[in-house]
Amino acid sequence: MRALRKLRPEPGAALVEVPVPAPGPGEVLLKVAAASICGTDQHIYQWNEWAAQRMRTPITFGHEVAGHVVATGPEVHHVKEGAFVSAEGHVFCGFCIQCRKGRMHICENLRILGVDFDGGFADYVVIPERNAWEVDPRIPPDVASIHDPFGNAVHTVFKGSDGDVPTSTVVVLGCGPIGLFAVGVARAAGARQVIAVEPNELRRGIAKQMGADVVVDPGSQDPVAAVREATDGHGAEVVLEISGVPAVVEQGTRMLAGGGRMALLGLPPGPVSLDLTGQVIFKEARIFGVTGREIFSTWMQMSVYLATGMVDPTPVITHRFGLDGFEEAFEVMSSGRSGKVILLPKRE
Amino acid sequence: MRALRKLRPEPGAALVEVPVPAPGPGEVLLKVAAASICGTDQHIYQWNEWAAQRMRTPITFGHEVAGHVVATGPEVHHVKEGAFVSAEGHVFCGFCIQCRKGRMHICENLRILGVDFDGGFADYVVIPERNAWEVDPRIPPDVASIHDPFGNAVHTVFKGSDGDVPTSTVVVLGCGPIGLFAVGVARAAGARQVIAVEPNELRRGIAKQMGADVVVDPGSQDPVAAVREATDGHGAEVVLEISGVPAVVEQGTRMLAGGGRMALLGLPPGPVSLDLTGQVIFKEARIFGVTGREIFSTWMQMSVYLATGMVDPTPVITHRFGLDGFEEAFEVMSSGRSGKVILLPKRE
Amino acid sequence: MRALRKLRPEPGAALVEVPVPAPGPGEVLLKVAAASICGTDQHIYQWNEWAAQRMRTPITFGHEVAGHVVATGPEVHHVKEGAFVSAEGHVFCGFCIQCRKGRMHICENLRILGVDFDGGFADYVVIPERNAWEVDPRIPPDVASIHDPFGNAVHTVFKGSDGDVPTSTVVVLGCGPIGLFAVGVARAAGARQVIAVEPNELRRGIAKQMGADVVVDPGSQDPVAAVREATDGHGAEVVLEISGVPAVVEQGTRMLAGGGRMALLGLPPGPVSLDLTGQVIFKEARIFGVTGREIFSTWMQMSVYLATGMVDPTPVITHRFGLDGFEEAFEVMSSGRSGKVILLPKRE
Amino acid sequence: MRALRKLRPEPGAALVEVPVPAPGPGEVLLKVAAASICGTDQHIYQWNEWAAQRMRTPITFGHEVAGHVVATGPEVHHVKEGAFVSAEGHVFCGFCIQCRKGRMHICENLRILGVDFDGGFADYVVIPERNAWEVDPRIPPDVASIHDPFGNAVHTVFKGSDGDVPTSTVVVLGCGPIGLFAVGVARAAGARQVIAVEPNELRRGIAKQMGADVVVDPGSQDPVAAVREATDGHGAEVVLEISGVPAVVEQGTRMLAGGGRMALLGLPPGPVSLDLTGQVIFKEARIFGVTGREIFSTWMQMSVYLATGMVDPTPVITHRFGLDGFEEAFEVMSSGRSGKVILLPKRE
């Protein structure tokens, strides 16, 4: 089969022939229908500092993957051959303190598909049975493949707001694919208004399609002032930080209303300096670190949104390529002229 | 009557004779039984930058006050003459968005006793009826007067832990009076263990009396390492930051276990730089700004602790002076050789 | 002025001339713009057992009222003459345990407008300033007058679901006006689907207009089976019981999914027999008693729904009469051929 | 090996020789150190209606079991030979909706140790690896074996109170072993006072040892009146119903304070008739069905209580027998002259 592999610790990747892997005990083999490209995959492709420290080569990467089960290993009792599934990429141990508390997504022994073991930019991929989430076969492959980042958005909206989205003003800071999904989820979850802040014009346009009531270009407007204006001066009850830019995190705290809640999903690359006294303590604001998705309660929620059509993620999906179009795919990702970019093995 | 007044915008204060004030509509007059000195009072006495910006002179200060109702104004229907009460020092409007949401303690029009209008370092003081909390007459005056800071501690323990104190390891950073009360409250609320971090030896000793299982001197031990050691490497589920020292806030985030919660009550005087990615986001930690006390649900809780004896605050009260001993009182406060210092008008 | 008064402890009421009341301290005088008729008003009109036990005559009734402030008593500091307000009919003491815990709506000394003192079926009415909720002057009088029952619906949806409406199947049992509002609120709050159960055909039609996905006539379909069918056999995560019929309450428990939540707002007139073991305990279901509205956090929420148009309550309002049309108004209420019926003093 | 088996569908049981079972994939073999007798085991022994409907013979019963791992099957990766473990008796599928939502204890495909497959009244027992909870080897076998019912108590205290035990009055209705454990847990979790209601004098005595502040004999005192008296007329914030007696459930609702919470763990054998209007709705009381234990967050909590000594369960353990003393063991269980009764295979 074909697999997009990082062969050596350096930028780039190669589409090579490798044997189809065999599922071990408790594992299933998927014929990949679609695999979408995450920002993390871009880091791996470009081989940034994080990738160089974290990963070992050679490895097939790609973790946002959907496909059909074509074989099952021993001790697989629930998922059947022929099932159409989307992969939860976080493989958890089930026995550490965090897993025992029901927080498998922050498992102390977390292993990540396409980072710690061979991933889904390939014709076939093996995942643990319990990481295979069955999706309605009527859902198209590209949508099936974006459950992972869509789940980040759902988790950020619910966890990051402490459940208080209905009737709240929700600000989304940063409209990459996850931010754009978050706009749609916040709207479907009953927000009073959704304000999207994003410098990229294309993405501001998609944010509108996803249901943003107000879009703010931070290049031409002060986002804090814009939020104050849209809220009669009170600020937003909920701020979802998905950019990872330190200065934007700090802005986010200044947009918060008294008693407001802020989710941090974007990963600042360095220290962030905050006015805790004025923007957090006297306001009794709450700040929630958010990572991954809850396994599998977030999946239950996102299935509702995707299977019922309450949220339509398709405006976010801007590009589709065959596996051998990977170079162009990563290029368009880097260009900023894209939303979500998806690799579809069959296309070729 | 006598009143300790800041007559001019400069350091110091004067004990002067002034007329006994008359309660207006909805107000009650208290004969002061005890008034404890808060860190804020020290700032006012020393006339620091905050005081210079915020306050107008002349004014009687002191907001942690208990006494007997000796007169009631018109439209007072619930509190009776003779009642023994402790004052909630936050006077709220009841009509702003925060009040309407039940967060009167972050009222947008908050006026503070002894800061915005004449306070309780005096023989008599006037407060709104609804700010008068009846206390059991068997509670001694000094304990009655510390409801305000004790309430800060109760609110920090409950709000700052999101209710998860039972079975958790709780770290208290900074053992001034509020931190010391927090040690006692966390213990009474069912913490697995309470770890107190404080450089002042006297206060570490009081922390032990209040129920700390482990006390850490940050001058001789790395507090983060000490917490890791006391928790088999996992970190603390709950960290209560009451020092307001930026470097300590940052340390606090590094002590947090995965899924941990941190309360911020101490007020950092400037920006605080945090590793949000490593210490908050990947851990899914939650950070809660905390201020004041919930009006009056925190008072309900603290009444249980103080009236039943579940928490004995008296080890924290180290000094008592008459009103005319105020100079010595403020001096001992500054020295660090004290816990809570209380002014008792009758004593003279 | 004219006032619709219960003069003697017997069925009926009389529209009589009485002096315009004067607002006392902390009170405001409203010129009534609209007053809607509640089921309670019907009980008073018909003088049922509850009314006979609870009320004293003579009294002007009517508690769902909106109007303009035309005079203010002493000690009124926030609400101004000319303001357009809707009345919170629950007058709370502010000093009992429940009020001190922020549950003013279950105040131990609750006094109810139009039940315990003169109400709003009149040209003018006096209410406490703090019970006057300012509404956007562009909201029409009839909508302004239904804040009270609309607030019941909002409170039931949020409290009764423990905040878990988004992505949940929500069943509304009983589609009188409050149930119909609840359909609209559940939809706006992000429910996956809303199922309305109601024997009255007219009201089932309004339920559809309010956004119900499925309407069930319990006369021709088993509601439990209908809910199972609409949920792939799992049952509903949220059931809102607004009928007060004991057999319907019992049915509601059988519709609940594992882990489901049920709100009880309807008032069963006698004991209700439940299979707690099978329908509550093994399912780990949660049952929430709900009454009134939270003062004023529910009002904040409902203002969002009504002021932004997120919920349009007008399909529920089926009849409007002048004050002197009261006999016809109560007749149409009794007939079941109505949704909400409103008295508009000006109309004559 | 010896095993206590129900050979035929009739009362009684036989201690017989059977082969030592072999652990399959993902399973471990325990050498039983202690197995405590649950009320369910008594139903099985006596072969009541529930047992006759639910169980198939022949089967070894007993599900509250602790022992040492002496062999592991294939695909066991975390639990090692030699580990001392207590068994979670609920075997969950991990794939149904409830499991996916993190509620494995109400799994739709739940299989129960000693009910649906061979249990622990034997020299050896096989359980799934993931149902083996490692306990500190210093914990004695009898205490290790009561994790299951102790976990019921912990789950009831926390889930049933919605987390509000600290500063609350907690009533425990019914002081069988689980109720007695609940007394100890409520005390350790920071209750203001714990009131235990129990007709059996021996058990009232143990309730006092476990930390009850007030014990009530319902044969000589009205429990509702007793709770009112102990709470200045207000009622209890938290009521834990562990008796399963319909009349006691109804009493429980009448003890509740406004805003109170009630847990239902006891299983009423038939319908329960409640005054929902007066005792639940107007009070805004909340009723929580509770079953089993959360897997494994409750285990994390109970480990804290049992491993640290915060709760000492030993006063509840009144009798210990060898396996061949089973007849006497079941007899003393039936007599009411016991707390927890434990079978210790080694003893013979």
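Just so it is clear, A, B, C and D label the chains in written order, and each chain counts residues from 1 on its own.
Here, a residue touches a chain if its C-beta (ideal position, glycine included) is under 8 Å from a C-beta of that chain, and two chains touch if they have at least 3 such contacts.
If you're wondering where the values come from, they're calculated on a predicted model, not measured in any experiment.
S.K.: Chains touching chain A and chain D alike, please list them.
M.R.: Both chain A and chain D are touched by B, C, going by the contact rule given at the top.
S.K.: State the pair with the higher C-beta contact count; candidates are A-B and B-C.
M.R.: A-B
S.K.: Report the inter-centroid distance (CA atoms only) between chain A and chain B in whole Å.
M.R.: Centre-to-centre distance between chain A and chain B: 42 Å.
S.K.: If you average the CA atoms of chain B and of chain C, how many Å lie between those two points?
M.R.: 41
S.K.: Mind pulling the residue numbers of chain D that touch at least two other chains?
M.R.: If we look for residues of chain D contacting two or more partner chains, we find 97, 101, 300.
S.K.: Give every residue of chain C touching chain A within the complex, in rising order.
M.R.: Checking each residue of chain C against chain A gives 158, 163-167, 188-190, 192-193, 300-301, 304-305, 308, 310.
S.K.: Over in the complex, which chain D residues touch chain A? Could you list them?
M.R.: Interface residues on chain D, with respect to chain A: 25-26, 74-75, 78, 93-95, 97, 100-102, 130, 294, 296-297, 299-300.
S.K.: In the complex formed with chain B, which residues of chain A make contact?
M.R.: It comes out as residues 97-98, 101, 103, 105-106, 108, 159, 234, 249, 257-259, 264-265, 267-269, 271-277, 280-291.
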